[in-house]
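Please read the structure below before turning to the comments.
By written order: A, B, C and D. Residues from 1 in each chain.
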Amino acid sequence: MNSDRKYSRREHPEDSLVKINDRITIGGPEVVIIAGPCAVEGRDLYLEAARLVKKAGASILRGGAFKPRTSPYSFDGLKEAGLEILAEAKKETGLPVVTEVMDARDLEAILQVADILQIGSRNMQNYTLLREVGQVDRPVLLKRGFAATIKEWLMAAEHIMDAGNERVILCERGIRTFETYTRNTIDLGAVVAVKELSHLPVVVDPSHGTGRASMVRPVARAAIAAGADGLLVEVHQDPENALSDGFQSITPEEFRRLMAEVSGITTVIDRQIYRF
Amino acid sequence: MNSDRKYSRREHPEDSLVKINDRITIGGPEVVIIAGPCAVEGRDLYLEAARLVKKAGASILRGGAFKPRTSPYSFDGLKEAGLEILAEAKKETGLPVVTEVMDARDLEAILQVADILQIGSRNMQNYTLLREVGQVDRPVLLKRGFAATIKEWLMAAEHIMDAGNERVILCERGIRTFETYTRNTIDLGAVVAVKELSHLPVVVDPSHGTGRASMVRPVARAAIAAGADGLLVEVHQDPENALSDGFQSITPEEFRRLMAEVSGITTVIDRQIYRF
Amino acid sequence: MNSDRKYSRREHPEDSLVKINDRITIGGPEVVIIAGPCAVEGRDLYLEAARLVKKAGASILRGGAFKPRTSPYSFDGLKEAGLEILAEAKKETGLPVVTEVMDARDLEAILQVADILQIGSRNMQNYTLLREVGQVDRPVLLKRGFAATIKEWLMAAEHIMDAGNERVILCERGIRTFETYTRNTIDLGAVVAVKELSHLPVVVDPSHGTGRASMVRPVARAAIAAGADGLLVEVHQDPENALSDGFQSITPEEFRRLMAEVSGITTVIDRQIYRF
Amino acid sequence: MNSDRKYSRREHPEDSLVKINDRITIGGPEVVIIAGPCAVEGRDLYLEAARLVKKAGASILRGGAFKPRTSPYSFDGLKEAGLEILAEAKKETGLPVVTEVMDARDLEAILQVADILQIGSRNMQNYTLLREVGQVDRPVLLKRGFAATIKEWLMAAEHIMDAGNERVILCERGIRTFETYTRNTIDLGAVVAVKELSHLPVVVDPSHGTGRASMVRPVARAAIAAGADGLLVEVHQDPENALSDGFQSITPEEFRRLMAEVSGITTVIDRQIYRF
């Protein structure tokens, strides 16, 4: 891989620190935990989830208002109404918010609320969208395409950086393989690889990465042990009735256990969890 | 897979016939050959290529004006200037044109020229784009995502059809596997499978499907023998100096051999090549 | 890939012709059809199947006496009793027989009957077995490992050839990918690739390659159109009650249709089906 | 997956403890580290390596005397001479030894030395070999086939257990995917999955799992954090001159760092490293 790339560690040997709202830093010694439901499904449910994950130690909220769905007949998000709920949750908890942008035409509305713009796995090679988020002043969480090589993932980051926005956070979320027991195959080796090749921070999504709630906690521990700078975890008070991805969402109680275990792991590698 | 889908053959047992300009029909007994350079690189080169492939028997021209590229530093198409060249080639040859749309904001300009809108492999799950092309009155050639299952591919067609446009042509162009000798693994079984599951026509792109010029001709024969309704072939007068994908482009002379062989195959399966 | 290999076409530009019993040649202008049930399940059933496929135009019989099975509790073949049935079928029809060898210790018994030794997909990298069949005077049909690259497949052939047996017939039988609709993804591009890289003959197994009886016929046509030197087809009188792989076995009637269509394809590419 | 399998946790809810030489237990609270060169290359080199890894905290030695190789022209092990060196290393250090068996005919000689029999990735579906090692009284380390599903891997264990040997240790060593930056994609989710599905112990091979020496240490930490019962690590004094897999072998010094870090991880999850 060429070393004269903006993403390249050879160009930029020190770790990049991505600031969120001048308060939280991703990529430094502190590990950052992002949590919340997959989708914003309703006001009360979301506000309660936000309070619960904050109390358990999350420092950034996640929640989809615009949802890409394989079927046109699945729930695809509350859209603008979802953004309003995110704004309310943000105001109440004080936590920053990450939410997905699928269409450049939604960007203006999303920028009113989002502290981090998420590019989803299916849009990792939607280059027009990458260049759009490359032109705004907001950090971007770039999920790895489910069949993207490490090089293609880094080149997607390059599109954003080349357009002017260097605040890119990579997110490993599992790749598609022949294995069917898990929804995806989480590639923790990729975390190590991108840390070698790039100065950009990388977080791990153990929820999509496994597709099984029972596997989220041990994979979260492993991700931090491998050197990830943070986690993106789906938490839902009532996973069985979630409108999206309930099978891979953990309960707030399980999330508290996850936080305790991950906290233990960080101490061994001379890091600690960022506390808001 | 659910049978109450618009793409489903159970819903619609007869083959769908997609009309191009009220003249050419894709999905009927006649096999349709689409050919031309990967990208529109310049006026004279493209016009000559258009004449050559027409003379060899192609009935639709291909050529990219907007090109998705892994690297932001690669040639990404002539854009509006490319569309003008396509318009000129179309006027001169009389052949309809297929070209890729990557961004809904380019759609108005592309609709001035394109007789078929191409959705590229990397955008197969760009649902906002699918819905945009679902709202216009123009056939859509939907390339299979390079890591999309057959079901996901058909559901991408469903997004377009559900938005109102039922003139979808599927295009198998190879999938990503562990094999590295070929650029992709052409999945001719998928041609047979989608014919069973869906009434939509399906064409095959042996150029991307193999990534090797020497393999295009035999794979083209096999595609038609398997039941494909057409081919999408990259032809370039000077493959070694092509700005995009020269290694998989065949020369006009090789294309003539391909046409002769494919023509032979069609007679065995009670079809024939459409002649413009 | 190195060109100083025994399998390499650069070393040996002309196609290798593998003689079976001094009568049938695989790799020449004639296409050879191998057919029969997946496993030898019983005397009467097998003898009837042998007669039917011979009548329909097959020139070599297939049938497993020793069957590798994922589960230790599945039917794993009649073993020696199966070999006796194969011997009887061979005597009655006069057709040569191909059967799988899984263990070098069975080789002596199998050599009493088999005209071609089959190495199954799961044993493609069982190098001790490869070297054993490399030391006997009998053609070897080497199935591609279901996750073997083209290079690894050719190197497995090299193990056999290096041990002294140059009569190797390659067999493409589908590879493992992310797709789950088909049992395997048939890689017809690989047929073209090995013909370029190697002088060895290559046949295609559309039954394992698709895992769906309804797809066998069109994929068989495509394989021959791509340049395969033969086919290996599972045929069973009563697929629903087969002890092994019934879902991918075609009936004798469907096999007759396959033969007619494949025969048509051969004429277009200046070949013909070998008739016993 | 059926629950009435010998490997199944539903049948046998408690973790299986596999005893090595009545001294070391794999699958209990203590994490077991297996280390040494990929292949036994020579007496002095191997004896020194054995001393170094013992001193650094390994409690079992690894080293191949019989090596499966893709090319028939690569170094394939010292065979009987290699076994003698293993015997000497074992005598000198007192540590048990694991070595690969590729051919049932070598088993008698290997049983004179090996405390654990290794079944390599390429032989995971060599069922005759699985049944052979299922009939001896010696623990078996069963590497996952590089393209085996979790279910197929557990069914391979079932073949061994059904033949009479229940002392099976699973070993995750990476799977084959589209990614080419790493030699394999280490599947740490599979460690969690087999712990849920089975009572058998599971160890991880970060050397083959990544194919890059620089990635071994962080992946080793992650494996233990995910819940693995041990590690299998390639260590070589002079990786650049190793006859086999030097690019993925770490130095004794790097191995000492690995031991220190992994030891830290174990304390967080209420385990500890077994010390011989």
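Throughout what follows, a residue touches a chain if its C-beta (ideal position, glycine included) is under 8 Å from a C-beta of that chain, and two chains touch if they have at least 3 such contacts.
Model, not experiment: these values are computed from the prediction.
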Same residues or different residues where chain B meets chain C? The copies count as same if more than half of the interface numbers are shared.
same
Using each chain's Cα centroid, which is most distant from the centroid of chain C?
A
Which of A-D and C-D has more C-beta contact pairs:
A-D
Chain A and chain C have mean C-alpha positions lying a whole-number Å distance apart equal to 48
Chain centre separation (chain A, chain D; CA means) in Å:
34
Residues within chain D bordering two or more other chains
147, 151, 176-178, 180
In their shared complex, at which residues does chain A touch chain D?
147, 149-151, 174-175, 177-182, 185-193, 196, 209-210, 212, 214-215, 218-219, 221-227, 261, 264-265, 267-269
Chain B residues touching chain D in their complex are 147, 176-178, 180
In the complex, chain B residues that touch chain A
68-73, 76, 102-105, 122-123, 125-129, 146-147, 152, 155, 158-159, 162-163, 176
